[in-house]
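Pasting the structures here.
Next, two complexes with subunit A in common: one pairs it with subunit B, the other with subunit C.
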Partner chain A sequence: MGMLSGIIQQIIFGAVMGCLYALVAMCMVLIYRGTGILNFAQGEIVVFGAFVAYTLCVTLHWPYWLVFLASFAVCWLLGMVMDFLVFRRVVHKPHLNSLMVCVAVGMIIRNATGQIWTFDDLRMPPPFSDTVFQLPFGLVLSPLFLGIIVISLAIMLVFYLFLNRTKVGLSIRATSQNMTGAQLMGVPINSVYALCWAISSAIGSIAGILTAPLFVLNVGMFLVILKAIVAAVLGGIISLPGALMGGLLLGILENVIGTYSPSWIRHIFVWVVLLTVIIAMPQGLWGLITRRKD
Partner chain B sequence: MDSFVDKRTRNACLGLIALFVLNLPFLFGTYLVFVFTVICVYAIVAMGMNILSGYTGMLSLGHQAFFGIGAYAAAILSTRYPGFPFPVALLVGGSISAVMGYLLGFSALRTSGVYLAIATIAFGMIMAEVFGEWASLTGGQVGLVVPPPAIGPLRFESATAIYYLTLAVAAVMFFLGINLISSNTGRAFIAIRENEISAQSFGISLVKYKTLSFAISAFYVGVAGGIYAYLLKYVAPIDFRLLVGIEFVIIVIVGGLGTILGSILGAILLFALPQLFAGLVDWQEFVTGLVLLLVILFFPEGLSGGFYRLMDWVRDGLASRRGPDAAPPRSHT
Partner chain C sequence: MLDVSNIETHYGNIQALKGISIEVPKGDMVSVLGANGSGKSTLLRTIVGLIGPSRGAIRFEGKNIHGMKPHKVVRLGISLVPENRELFPDLTVHENLLMGAFTRSGKVGPKEIEEIFRYFPILEERRRQQARTLSGGEQQMLAIARALMSKPRLLLLDEPSLGLAPLMVEEIYRIIRMILTQGTTILLVEQNANLALSVARFGYVFENGRVSVFGPSEELLQNEHVKQAYLGK
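Now for the complex of A and B:
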């Protein structure tokens, strides 16, 4: 396998991780735009969703399509409950409060997940076969990787259309632009908040089911998901296409650089990028592109 | 500072507390003395975090890095130069932290709120990797064994000696902190917290005071890290991960932002309670999260705010018994 096809192979692997980062980043963008809260608990919600799926799949032997649906529904409920109990009270409060509330909820969910299931490592069976098949030029791909890419992109597309083409999507966008204005136009903003949390938790659970087979499933997996924040910031934190770009870029660069350099560079790289983006171009990639168009 | 009780009662209370704190090693066993020393270390950390979050209104989730810098400075200096005077080691660690904090403070000029928190997370993650990978200096993932604090041939080995050392450092830092907050610098910090634009219009330089606030808080946390290294006799990168930095912020929020008393109360609550309920160690994260959540949602002033409210209530009760004119006007900082 030559150098070039090696790089291309890493780009493919990176795109798989990138799609997952993008999926979670998209959930964060939705919450940030809708409620002004940067959801630091997203990683824990994703892991919780994966654990729910583990029980349904391994203990109860449900078919995988039903597992996806059930986990989606459970996390949808979790999102609504969290919104009702906690997050509704800190909408548009100072960032210090809302951020630390997310940290607190994250700690509670993380520990509760460990208490309900286990703090040890579990093996999540993949939804699609993970045996690789050969492509031309010595490249390999597995149905699992293909499935992750297709499902993530499909969810993002559906969600994008939902947000931009439906009336409910319009009310979410209106609330994110101007809460009072939306309220005066008859948008039930409390329902909009609940919907935002429900959607982002439910999509998060799908991301969890797709991520878990790539790693071991344990409560520490939220640290992997934490990198989705980097993707969201890289994309400019308020745009869905930005989140997709940020996620893909992050996943690909991380894999390519990680393969051809010592492991500590791979670990530091993500955070150096994040620090640079925040200090040098806080509007993110999507902000740069759209500004040039104006 | 406060006038919730008359001066004589307050002095008597402070005297009793001082007596208790000074005689603590004679009252309790070695383990509890160790616990109280840890609380003192975290009280110093909390004072530093409070200068940043409570008084200047900025949030950092990366201060565990400064804790680590202080700890590694103390560890490296004491292992390489036996008998290295520990106050100098603490000052060196604190100063390196302060310089790094000053530089990190520049990111606070470009960003604020959530973005600043993410930037500090990135800084903390990078420093954690540095601690783990720069093996020739830090011992890598294995870490370093730290000799007891010493000044030349004089060594402080017992838990009691380290307790008094920590107490002395905490007292010095406490009085420095109190003086800082009531100085022009402290008032500039508070002005920035309340309103950046109006602070600027009064001639307060954001560049100067935001970076200064970061540097001072990093100095506090760095010094605390140095003591922590001497106390645990061992440093490893795992002591300086993200969750530690989050705990630092939790202490000041639960204790109460913007009061030094709150820092101490927060440190006691979050580190003494788990020691008392050792059987609940699995649930500690859950309980901490729940306490944090309840405090933010229902007691935004934290424990010290609740304490002051209680004292007001007691005083008002006394005053109404004595007559309506007895109560002096309240003024809380």
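Now for the complex of A and C:
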């Protein structure tokens, strides 16, 4: 394999991870725009969803399509419960309050997940075969990788259409821009918040099911997922196309740079990107492209 | 139609309304006058449920709406055009109007939007623009147009002339009169007393959270205290 096709191969692998980052980043963008909360507990929610899927899949032998649906539903409920008990009380409160709340909720979910299942490593069976097949120019791809890319992009597309083409989607966008205005139009804003948490948790569970087979499934996987926050910030934290661009760019850069440099660089690279973006480009990629000055 | 009796409203420890009673008859236009901080906006915000009243009763068509959540008050047929407009800045003019019809089931027909544009022709030219890009007067028009989309029977207007150029104020008030003649009841809060008393049939003057004078507009225009304090005569 030549140098060029080697790099292209790493870009493809990076895009797989990038799609997963983008999916989770999209959830974070939804919550941030809707409620002003930067959800640091998103990683734990994703991992929780993956563990639910593990039980259904490995212990109960449910077919995988049903596992997707059931985990989606369980995490949808988890989102609504978290909103009702905790998050609706810190909507548009100072960042410090909501940040602490997210850290606490994340800790609770992480430990609960460990107690319910295990703190050890599990092997999550992939929903699609992970045996690679050959592409032209010596490149390889597996049904699993292809499945991750297709499912992630499809969810993002459906979600984008939901936000931009439906009445409920419009009311979510309106509420995220002006809470008082939305109330005056008759929008039950508490239901909108609950819906945002439900959607972001449920989509998070899908991201969890797709991520787990790439690594080992354990409670520490939240650290992998948490990198999506860098994708969200890289994209500009308020836009869905930004989250997609940020996710893909992050996944690809991480993989390409990780492959051609010592492993310690790979580990700190993502966080260096976060610092660089916040210091030098706080408006993010999407902000740079649209150049909105406000 | 709207019957507010003896309400008191607090912002924390500060009492903004100290026992306000007003009445808005069906099909009429009533104005509330007063200086900054006299409690005019607080009254409107209390009626629609954005602030909970500590005491008193608010009846709309005989139904007690005291303490009701804002999103439920709208469904009864009350719509507020707030002082700072509360538009959705990144939504287009068209989307803002659609949000105005949120409480109504079914699709909003193109006919209905056309009808709104007959009141506000400038909005038709701007329909694909984001609300943030509109001028102050256009934003005020959009706020009123959006409130009309819910087909309210009672329209609450909070200082629609604030910060607008004289020509624009004239235009806005021409539209307000049209809305009134279409049968919508209006409760208008306005600092510009001349303007308010020239369009409304009744007026209430607020001072420090209390009603100091009230009566038909012609009487208020003759009232010595009102003349001196609010009409600059």
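Everything that follows uses one rule, which is that the second predicted complex is superposed on the first by the 291 of 294 C-alpha atoms of A that agree within 3 Å, B and C clash if a C-alpha of one lies under 4 Å from a C-alpha of the other, contacts with A are read in each partner's own complex, and residues count from 1 in each chain.
By our rule, contacts are C-beta pairs under 8 Å (C-beta built on N, C-alpha and C of every residue); 3 or more make two chains touch, one makes a residue touch a chain.
These numbers come from a predicted model, not from an experiment.
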Quick check on the superposition: with subunit A as the shared anchor, is it clash or fit for subunit B versus subunit C? fit
Of subunit B and subunit C, the chain that contacts the larger number of subunit A residues: B
Should A:28 be classified as contacting the first partner (subunit B), the second (subunit C), both, or neither? neither
Can A:101 be said to touch subunit B (first), subunit C (second), both, or neither? first
Subunit B versus subunit C as contact partner of A:89, first or second or both or neither: first
I'd like to know which partner A:178 touches here: subunit B for first, subunit C for second, both or neither. second
Where does A:45 make contact in the superposed view: on subunit B (first), on subunit C (second), on both, or on neither? neither
After lining up the shared chain so the two structures overlap, which partner does A:111 touch, if you call subunit B first and subunit C second: first, second, both or neither? first
In the superposed arrangement, does A:240 touch subunit B (first), subunit C (second), both or neither? neither
What is the contact status of A:209 with respect to subunit B (first) and subunit C (second): first, second, both, or neither? neither
Overlaying both structures gives a minimum C-alpha distance between subunit B and subunit C, in Å, of 18
Both subunit B and subunit C touch subunit A; at which residues? none
Going by the contact rule at the top, pick out the subunit C residues touching subunit A in the complex. 48, 50, 69-72, 74-75, 79-80, 82, 86-91, 95, 98-100, 102-103, 132, 146, 150
In their shared complex, at which residues does subunit A touch subunit C? 167, 170-171, 173-174, 177-178, 180-189, 294
Any idea which subunit A residues touch subunit B in the complex? 38, 86, 89-90, 94-97, 99-101, 103-108, 110-112, 114-115, 229, 233, 264, 267-268, 270-272, 274-275, 278-279, 282
Residue positions on subunit B within touch of subunit A in the complex are 53, 57, 59, 106-107, 110-115, 117-119, 121-123, 125-126, 129-130, 132-133, 246, 249-250, 253, 257, 282-283, 285-286, 288-290, 292-293, 296-297, 300
